[in-house]
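After this come two complexes, each holding chain A, first together with chain B and then together with chain C.
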Partner chain A sequence: MQDYNVVFSVLTKINALAGGLFILTAFGIIAMRQVLASLNMFIFQSILLAASAFVLGYQHSSIHLFVVVGITIVIKTILIPYLLRRIISKEVYARREISQVLNIPTSLLIAVALVIFAYFISSPLSNVTNDIFVKLNLPIGLAGLFLGGYVVIVRREAVPQVIGILSMENGAFFTGISIAPDLPLIAELTAAFDVLIIALVMGILTRRIHERVGTTEVGKLTSLREE
Partner chain B sequence: MELIYIIIIPAVLAGLSLIPAHKKFASIVTILGTLVIFILSLNIAFRAADGMEVVAIKDWISCDSLGALVLLLVAFIGFTAAMISIGYIEKNVEEKNHKKIRHYYAQYNLFLLSMLTVPIISQVALVWIAVELTTLMSVFLVSFKNTPEALEASWKYIVLTCMGAAFALLGIFILCWGISISGNEKFTWAGLIVASTNIPPVLLKTAFVFVLIGFGAKVGLVPLHTWLPDAHSQAPSPVCALLSGIETTTVLYVILRLLPVLRIHPSIGAEMWLIVFGLISVGVAAFLIIQVKDYKRLFAFSTIEHMGIIMVAAGLGDYASHYGATLQIISHAITKSFCFFASGIALLFVGRQDIASVRGLIRTSPIAAIALIIGGLAIAGAPPFAIFLSEIMIIKSGLVNGQYIVTGFLAFFIIIAFCGILFPINRMVFGKPTEYSGKTNLSVTNIFVLIFAALPVILLGFYLPRPLHELLCHAAASLGR
Partner chain C sequence: MANKIIFNIIQVLVVMAFAPLIKGLINRLKENIQSKKGQSIFQPYLDIWKLFHKNEVISEHSTWIFRITPYIVFITPIFVALLIPVLTGYPLFFAFMGDMLGGGFILALGGFFASLAAVDTGNPYGPMGASRTRMVGFLAEPVFMIVFFTVSFIAGSTIPYIVHKHWVTPLANFFEPSHVLLMLAFLMLIIAETGRIPVDNPSGHFELAMIDESKGLEYSGKAAALMKWGGCMKFFVLLCIFLNVLVTPWGLAQGETLWEVLLAIPFILIKIFAFVIILVVIESSLAKLRLFRITEFLGAAFVTSITAMVTRLLEM
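Right, the complex of A and B next:
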């Protein structure tokens, strides 16, 4: 019994650490000017997602979550970065993004507000349960979702927008592993596959835009709108 | 068993389309395959009209009346759009570029596959994936023309809908959480309804809001609609018919599926959410229709308007309005796809997409002009077409329920949209004809498909076949509780 408590408290601490760093990487994706740095932040965030899934899998002794750990590592930290680098030319990555819609300090302030909003939304939800992992993962995942969405809105370059969408999915999964560990395995597998297709499709589209329009600043594409 | 064939056939078709055989091979295979799918789904719809649930694999693949309704629409429009593609796509690619045509048909079949799976899968988590795949499979169809505008439209399309999908994913996770709290029900639509009494209302409410916002982006609900007119006007016309006619409807189907689950807790106020979002969409779309300068965008905005009407009807909440909603779903899908066929034919003939450059079409191309007039009248909701009937039904049930303000606004917006659609169409069809350079003559298949697709548009206003009526009744009943 003593052992169990020690293990449990260690697990919660590891999970809390992973959660804290998860939010930090989400802020990092907002703050990084260089495209490649954002991508590295995303890889780091995916590793933290896998770490949290590993802790939860150990706690619930759930095979599903260990599978999630495996596919997250393989797809999000190896395949997707590889694909994005392969499809899109090097020149895009070396670029520093000069013009964001808002400057970075303002962005970070808004991001803090979003995190507070995420805690505000999730507090009635986490009252439903006493599970300490849910209480931790739910608001953090929600914050990850919002911050990813914020990245998509403020960034003008194509690749950071892709990274924003992928980090939104990371946020949703960070919550999902804690609240729905018994999702059917096939759903987990196809969802991971689906993320891969998102990266592939958006990568190819970015390349086509680069070839046809000559820029990857998709925020500047505004020929279609009402007068 | 038919349900499994329905999934397998388009997958096989997608593979067959890639075979570099005769230049017409891919299109003919696709037409035959979609015809088979249409017949199979007719069969399923007949069985669902008797009130049975068609089950292929229990708890995984099954189809009830509401699903059969959507399935039938997807199959029908998939078939007609495949037929109109045959005369349309060849004229939109460079000479001898058969590879691009084959890719078009392969993607067309994959897109159809993803839409066909949405109504027949009963596992909620897999439905999310199917909806996400409808976006991913259609992105390159939207950017088919490979112009800067088409690429811009498809970028906006994928970014906004994928953001929405991530929100919806969280909603689905919360639903799954609710199921696991309440007991051992399976995570299916039926299981959700059974378990809903034991799920804490706060979970249901949050999940519903996330799914509504997330999938609402794909349906074209107003704050998140900006991608829709772009994508629906830049894609080739057969794809527009699929996107506007049924892709929006299949996603709306997923939102409507949650309605009976939420009804157990009246405190959630799901109906109110639907009415408010729906009414805002109808209103904004109605005022945007007035200032549109491109006739494909005109029909795209009308899609937003109709999705809003269906949501308001679903939110009004009694059997009569639900019946109106299902009738509106079917009449909108059939009419809107016809409208895009008609505008596609007009675009083939004229070669330009802005309203101002088209005048007196009735003199130069009577067929395109008549098709546009029929489509415009039908989609605007003029009698004797089916949309008129369903809109009257919805407004009447709104009045019966005592929702005078909602009904008043709805009627007002519908009238604005009515004028907004018919004035430009009138100006395009009548008046002094302009001459066009580089016009193409219409082929026999184009005209045949137009007539074939016009038949249900005209007939549904006068005559609703008995099995279809029963299917609508069952579907309307399943929306309530």
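Right, the complex of A and C next:
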């Protein structure tokens, strides 16, 4: 029994550590200037999601969560970055500065406010349950969701917006694995392939935009007129 | 009681004796990475020795602030060395005179006088460096505050001797997310406060780009030696706080005998050497940031410390 408690407390701490770094990578996606660095942050975030799923899978002895680990690693850390780099021309990644609506320190402060807001609105929900993993994963996943949405709003370039949507999905998964550890396998597979197709379609769309307009700054697309 | 006073004095002597060695080691390793042969690691000792035997020139337009500053810069790290665990794991005679915040204030006093003295002489480069240091300083201040609040909230105290026991009892505490994030934030703070590379280039000789170095340009002779030695000791003391209180609270003397305390000296040196290697790798692989990008660097540190606080405060 003593042994079990020690393992449990170490598992809790590792899960919490993955959660803390998860938020940090979400901040990183907002703060990075290069597109490539944002993409790397997203890869790192997916690895942390896989780590959390692994810990939860061990705790609930659930085979589904181990499948989630496998899917996450294969699709989000290998396939999607490969696709995004392959489809979209190198020119987009080579540019150093990516334009944002707000400057980066302001962005970071707003992001901090969003995280605190996520904790605030999830506190009545997490008071209902006694599961320590739910208490930890729910607000962090929610914060990941908000920060991903914020990236979509604040960035003007297409590729970082795609990364924002993908990291929103990461946040939703981060909450999902703790709330519903026994989700049917088919649902998880669907979600995972959905993401892959989203990345593919958006990547191709971005490539077409880049070929036609010569830029991927979708913030400027509203000023386009038919001649 | 007498024991504890003696150990406290030994701590101060260790800080005074080994601080220039760490600086020499950093310089040597950096040059080695650039595939140069590099200076001897004892070069800072020779520099200080040489400067003590030189004549001193003081501008006739300067006031008493310029004259008194080297002594303040030299003495403030010594006071901090009385408060923090350098060698022993248990509180010494002066340990409860001040906490980590107190130590921060004492170090800030030295920085404050150095800035005043830089403005005092009317040398155009001095005030420029001083105002830049203030800019970095006030951006670093909120991070310091949040880090200390989080530490005091987690460990229930701001006395460093109590804090460093908390992380390892039980060992699972070490992997707490707030602890790891605090370490990251504090590392970024140390880089900013001691003028290391993403923020400032300590080995640059171009006055227009200087942040930290230009404050000491006007000093010569004994005063320059004291400023230099004081700067080394400040770095050493900050590393001791970082390593002994936050990162690796192992290897400190637990017993009350003299030889156990002396045995702790190689341990702290090994820890600092290991950290210096990491620091040199960071310094050699990054470029110096443009002045207005420093906001972003410290903004990232601020966000890290806030995340540390949030994950701890709001999860319960």
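Keep this in mind: the second predicted complex is superposed on the first by the 221 of 227 C-alpha atoms of A that agree within 3 Å, B and C clash if a C-alpha of one lies under 4 Å from a C-alpha of the other, contacts with A are read in each partner's own complex, and residues count from 1 in each chain.
The rule is simple: a residue touches a chain if its C-beta (ideal position, glycine included) is under 8 Å from a C-beta of that chain, and two chains touch if they have at least 3 such contacts.
These figures come from a predicted structure and were not determined experimentally.
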First (chain B), second (chain C), both or neither touched by A:161: first
First (chain B), second (chain C), both or neither touched by A:139: second
Chain C versus chain B, contacts on chain A by residue: B
Contacts of A:176 with chain B and chain C, given as first, second, both or neither: first
First (chain B), second (chain C), both or neither touched by A:31: second
Which superposed partner A:9 touches (first chain B, second chain C, both, neither): second
First, second, both or neither for A:212, with chain B first and chain C second: first
Chain B versus chain C as contact partner of A:101, first or second or both or neither: neither
Touching partner for A:116 - first (chain B), second (chain C), both, neither: second
On chain A, positions contacted by chain B and by chain C: none
Residue ranges of chain C in contact with chain A within the complex: 170, 172-173, 175-178, 180-181, 184, 295-296, 299-300, 302-304, 306-308, 310-311, 314-315
Chain C-facing residues of chain A, complex: 6, 9-10, 12-14, 16-17, 19-21, 23-24, 27, 31, 104-105, 108-109, 111-112, 115-116, 119-120, 123, 135-136, 139-140
Chain B partner contacts - residues on chain A that touch it in the complex: 121, 124-125, 127-129, 141-142, 145, 148-149, 152, 158, 161, 165, 168-169, 171-173, 175-176, 179-180, 182-184, 186-187, 190-191, 194, 197-198, 201-202, 204-205, 208-209, 212-213, 218, 221-224, 226-227
Contacting residues of chain B [partner chain A, same complex]: 123, 125-126, 128-129, 132-133, 136, 139-140, 143, 146-149, 151-156, 158-159, 162-163, 166-167, 169-170, 173-174, 176-177, 180-181, 187, 200, 202-203, 206, 229-230, 233-234, 288, 291-293
